[in-house]
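In the two complexes below, chain A is the common chain; its partner is chain B in one and chain C in the other.
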Partner chain A sequence: MPDAARLRLWLRSVGRSVFRVGWPRTDKDRAAAMISSFFLHIHSAKVQPHSLRPSYTLGLGLLSFYLFGVLIITGIALMLYYIPTPLAAYRSMKDLQFVVTFGMVLRNMHRWAAHVMVIAVFLHMCRVFFTGAYKIPRQFNWVVGVGLFLLTLFLSFTGYLLPWDQLSLWAITVGTNMASYAPWLGDYLKYLLLGGNVIGPATLLRFYVLHCVILPAIAVGLVGVHFFRVRKDGLSAPARPEPAPVEEERSGRFPASTRSYGLMALTDRPALPVEETDPEAEDEVMAWPHLLYRELIVLLALLVVLHVVSLLFDAPLEELADPTRTPNPAKAPWYFLGLQELVHYSAFIGGVLVPTIVVLLLLLTPYLDSAPRGVGVWFAPERRWANWIFGVLASVAILLTLIGTYFRGTNWAWVWPWTG
Partner chain B sequence: MRNPQTSPLRLHQAFAVLGVAFLAIFAWVFFKEYLAEWRTIQAQFRRLERRVKDPHALSLAPPVGGIQQIWLTDLDRVDRCTTCHLGVDDPSFASAPQPFTAHPGAWLRTHSPDRFGCTVCHGGQGEATTHADAAHHRVPYWPEPIRAGELIEANCGTCHRQRVVPQAFWLTSGREQIARAGCAACHDIPGFSGAEVRAPRLESVGYKLQPAWVNVWLANPSDYLSQARMPNFRLTPDEIAGLSAFLLAQRAVAPLDSSAIDWGQANPQRGRTLFGEARCVTCHMVDGRGGTLGPDLSAVASKVRREWLFSFLKDPMRDQPDAVMLRYRFTDEEIRDLVAYLTTELLGSTEPSATPDLRYQSPTLVEQGREAFVRHGCYGCHRFAGMENLPKIGPSLVGVGDKPVEPAEFKGKTVVPTLPNWLFLKLREPDALLAASRMPTYAFTEMEAAVVVIGLLSIRKTELPASRVTTAPQPEPYQPQGAFGALVSRYRCLSCHRVGGSGGTLSTVPLDRIGSQLQRTYLIDYLQNPGAVRVGIEERMPKFGMTAEEARTLADYMSTVFVDDSLDGPFKPDPEATRRGERLFEALGCRSCHIVGGRGGYVGPDLGDSGRRLKPGWIEAWLTDPEGWKPGTLQPNYGLRAEEARDLAAYLMSLTSGVGGRTR
Partner chain C sequence: MRLTWPMTRRRFLFTTGTGAVVAGVLGFLGATVRYLFPNVLYEPASRFPAGHPGDFPAGEPSFLPDRRLFVFNSSAGFYAISSVCTHLGCNVRFVAGEGFACPCHGSRFDLNGQVVSGPAPRPLAWFGLSLSPRGELVVDERRTVDPDYRFKV
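Up next, the complex of A and B:
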């Protein structure tokens, strides 16, 4: 045998050890590729066309995940230049801007992706609510999702302090002061967060560790759980007209499993062509290429938009943080400005009572609204009341945030944004 | 396989478009990095360098590339200015365009870039690598843009903490103005402790002033004297009434008794003559001519009471222990005539009010006045018994050069809201910025206000390492004891003269080595009958009316204590040397400034009697290095050899005729 051919064979065997299936050309191979890859098996091999429809999911969950990925990658790159001590932290920002190759684009992308992620996660939550996707069997995944939403806010909040400029110092001052309004625990909570009574080097280190180690680790874990539940329960869909028993019978060994597990049965019986033999899969399509292709396009679109935004708009950086110089008004990060607006009316009611009730309501939503009706469609008439209540609450939250952001000036007095 | 929702074609199209867009954007990211401003500028510099330098110099020049920075570790400061300012330390680029121009002057020799970087002196954002971000002009969120024009001298003062910084004229003027205006009376200003204005004590002022004058003065001091040192406190009529009552009620020490004086015998004409003989105008201004050490007397008649003036001229230290004014040896008759002259002829334009206001007897009004006195911090300049421990009423100016200013404070003003502008406005119109300010209105000219701003901007918040700071030691106050000390105090020698760096500045000659400069017999004579050594100078030593005994005491002390041993060499008259000296004297043209034998110029001292006045060692030393003995002197340094200086000294010591001497 010529050496070239042997080499080709050897290379092929190396390739096969990594990509067991190779480039799939049949549906069976496609399914096998999905299952045998660590990264792809997060998907089911086949998906409902319903869940591919952009108008149903709006791709918000996927976007949130991508943004999280972008943040981890850019965040790790930024960590190479960042020193978490007060003066050096600010110097790091200047170095990123003026000296580090691609430094400013990196920082911009991290900053803007973080803001967009807060919005994406919030909208994802709204989407899930309005399509009733938190109903049985997905109640707990909603709870995990609420946890992830809060985690996203906290991740963004801890990252806000790290540039150590006036903007970050005072936003965190306002934010941590709001935490101190909680009865009994408030002051301890603030002390725990700040590592003292005022923001200082200890706070910066704490926020750095939270932002770069603890919270991302928790977030990765919770994202895993979140995806695992999605993978187990499938994407929500309108109730099928056909009853379930046939399905259970046919799927044999896994009667209780959802349809994605039909694939296991399928691999057990490789001789049977998928399309014809599995009636359950009749209206499903292969994840490869239908789902993966769409995911790739969404990823590309996101990267293009993020790059353009990061090239055009620089992340803000004000003067070096000066604890003796309070700006007026001192504002929290924008996603807490609704809360700050409430606090302005009443510290306890706005800063403690309302947020606690809202978070509790969110956590209990799937258990309070447990009737399995109106799942899988936007604004199902059966769920008119639930949607109204949620819609009004979400609108109020957005409205308060907008007011806090654009309509509040010196001494938190009302200003029209176009007069400033 | 059925295809949901989107057809594959449309997906392919989307993928293609997005893929191309992504590649394009990614390329954009790279190009943006590659086309960074500083890279373009460095390329320009390389082209310029090839034109400016010859091939040999070019081959020796270090290669230009990459970001350059100077890291000042002790200040934790990074300056990357030299990334673009590449010719800054290379004289070949003296006439090159910016940013490549070589640094003008010799500044880089005294302030090496390795040790000082750029922004230490210039300000701006040294970390930046673009023109805009480097804060060549004002940029948001960077507190200190490059200090343009004279403002740069504020940065000199950050390290150079002494009052006088020779090469920073505006800074020095500003600091002197701050000291002169007495800012430190109300504000805590680093480097200005002890620079408070010594205004008259007011515990006995009720005996001194005419009530009508008090009202005029308090309403606006410059109405009485255009050059008044006291600023306008913008007092309300109620405050003026109260303060007036309070001041006129202050009668701690009664004036010396003048009831035996027959004022009818007073002769103002003799008083006027005496006023001239005593050289009062050395310190006092009258009708625009005279010194500024004492108050302007142009309108003193409307200000003070006759009895007080009599007492004051007899013993100025009676109610003003710190008075600058000396105690003359006048007879009562002389004083009477002087007072008559001052109170009848120096009326000024303000007519004294005929009917004195006697409201000062109301105790409530006096109490209100005392409150106003404290509220406006009058005790800061006018030291007052019982108020020694009250705090300065103005805010501390520690770190004022880093004071943040809010644009809101400039409401209605059309100036750029910067700290220099804020300070300038505050100095010119204290009420212009904030609703109510207790700061009085000084009659600063624009120039005065501007230099004060430069002086203030030099006071920064951050503490510098000691190795970066230069200061001048504060002179110890000179307080001689014994008979000499009593005379120095009586005649207030230190109001004009300096000893050991402490004392007045009116006389340009310190007394520290006067005993080695002047002969004792001359001193004795001069103290009793002072004349002008340099006739062109307005300020002259007053005629004290000193006794011969006193003059001897002073001269003896000075001749034995105020000496510099290096000046006291042996001297033997030598006719040969005298002749050589005379030839040299004529050859150098000394006569164009000095009078000898009745002929010569009026710029320098009359040398006609220098043999009776000066000591030879001093003449020799002086001629060898005039600038070293007296910085800023007009005397040229001829670069004389030691023998030549000795010959000149021999010649000058031979001049004892006094023919040209204009002893006045």
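Up next, the complex of A and C:
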């Protein structure tokens, strides 16, 4: 054999050791590629056309995930310059802004992605609610989602202190004092969070470790569980006529309604084609390219937009934190301004009571509203009441946040945004 | 003959074993939580000299920004009022003739630090004073006092 051909063969074998299937050219190969890849097998090989419709998911879960990825990558890059002690922290911010090449862009991307992620996760939650997707069998995945929502907020909140400027110091002062209104535990909670009685180096270090290690680790774990469940349960879809249970289900050899029984049945009874074990499979389409390419386009669009925004708009950095001088007004991060608006009437109601009730209601949603009706379509008439209640509460939350952000000025007095 | 205990040997061992593991885990968790509460704080001391009595002009408040504290030199004596708003911890400003105003959520306090309006749940803190051997006015933030407190030098 000529040497060139042998070399080609050798290279090919190296390539195949990494990518078992190679670039797939047939549907069969594409399915094999999806199943054999660590990164791709989070998808099933075939998906229902219903789950591809952008108008159903609005791509919001995917977007949240991408933003989380962007935040991890840009965050790690920022960590290389960031020093978590009071004066040095602020200096690192200034360095990133004026000294480090592309430091500003990275910081902007991290900041804007964090803001957008809060919005994306909130909207994703709204989407899941309005399509009734939290109903059986997805109740617990909603609960996992609520955990992710809270983590997203807490991640943003802990990150807010790190620049150690006036904005961050006073936002965190107001925020951590809200915790101290919790009955019995409040003072301990605040002491624990601050690592002392006042915001200082110990606080900054604690927030740094929470922001860079503890919370992201928990979030990665929960996202894993979240995705695993979405994969196992399949994306919610309008009810279809029940397929007749296959023999193994009737005899209880494997459980009904897991997405894996089709495969188990395949290995168990190789004589049966997939279509007969899973009647839904007929109208399913290949995940590669239909799902994969859509996901890539969303990623590409997000990255382009994020870059443009980060090149055009700079993340804020005020003066060095000064515990002796409170800016007027002192505002919490924007996603807490709804709460701050309530806190302005009563610290206990806004800081403790309302958040606790909201979180409990969210956690219990799938168990309080358990009738398996109206799943898989937006605003199903069977779920009119649930949708109304959620819609009104979500609107109130948005309204309060807008008021706190745009309509409150000096001394928290009412102002019109255009009189600025 | 077999002894009939309330439980079999296997069950007994399983129960004590499980109990030991649970106790161990709880102890470990408890220790971890305790670990998170620091014993020594490298924070400014809560008892500190604020300056010589003569440094404080009579009749008007002196603001010590690093201490977040107002010191008053009245004809009846000295007194010290914290500038930390009891609502959510912002610094209140002194408004001559009126009292104190908080920039964050608009709480207002009278000249004695008592709440006049706004969300603040408690009056501003008053701290006890003393004189150091070197003749300096010493503020003790751990000793709160009533608003009729005056310290004669």
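Rule of thumb we're sticking to: the second predicted complex is superposed on the first by the 385 of 420 C-alpha atoms of A that agree within 3 Å, B and C clash if a C-alpha of one lies under 4 Å from a C-alpha of the other, contacts with A are read in each partner's own complex, and residues count from 1 in each chain.
FYI, a residue touches a chain if its C-beta (ideal position, glycine included) is under 8 Å from a C-beta of that chain, and two chains touch if they have at least 3 such contacts.
Owing to the predicted nature of the structure, the values given are computational and were not obtained by experimental measurement.
Q: Thinking of the overlay built on chain A, is A:54 touched by chain B (first), by chain C (second), by both, or by neither?
A: A:54 contacts chain B only, not chain C.
Q: With the two complexes superposed on chain A, say which partner A:370 touches: chain B (first), chain C (second), both, or neither.
A: neither
Q: Given the touch rule stated above, what does A:285 touch, chain B (first), chain C (second), both, or neither?
A: Touch partner of A:285: chain B, not chain C.
Q: Using the superposition on chain A described above, determine whether A:412 touches chain B (first), chain C (second), both, or neither.
A: Once the two structures are laid over each other on A, A:412 reaches chain C alone.
Q: With both complexes overlaid on chain A, does A:293 touch chain B (first), chain C (second), both or neither?
A: Touch status of A:293: first partner only.
Q: Identify the partner contact of A:325: answer first if only chain B is touched, second if only chain C is, both if each is, neither if none is.
A: In the superposition, A:325 touches chain B and chain C alike.
Q: Between chain B and chain C, whom does A:301 touch in the aligned arrangement: first, second, both, or neither?
A: Touch partner of A:301: chain B, not chain C.
Q: Could you tell me if A:98 is touching chain B, chain C, both of them or neither one (first, second, both, neither)?
A: The first partner, chain B, only.
Q: Do chain B and chain C touch any of the same residues on chain A, and if so, which?
A: Residues 325, 410 of chain A touch both chain B and chain C.
Q: In their shared complex, at which residues does chain A touch chain C?
A: The contact residues of chain A facing chain C are 170, 173-174, 177-178, 188, 191-192, 195-198, 200-202, 323-330, 340, 343-348, 410-413.
Q: Tell me, which parts of chain C touch chain A in their complex?
A: Residue positions touching the partner: 36-38, 41-44, 65-66, 68, 87-91, 101-106, 119, 121.
Q: Quick check on the complex: what are the chain A residues that touch chain B?
A: Interface residues on the chain A side: 49-50, 52-54, 87, 91, 94-95, 97-99, 101-102, 105, 165-166, 275, 283, 285-286, 290, 293-294, 296-297, 300-301, 303-304, 307-308, 311, 317-319, 322, 325, 410.
Q: Going by the contact rule at the top, pick out the chain B residues touching chain A in the complex.
A: 1-6, 11, 14-15, 18-19, 21-22, 25-26, 28-29, 32-33, 67, 76, 78, 80, 125, 127-130, 133, 141-143, 404, 408
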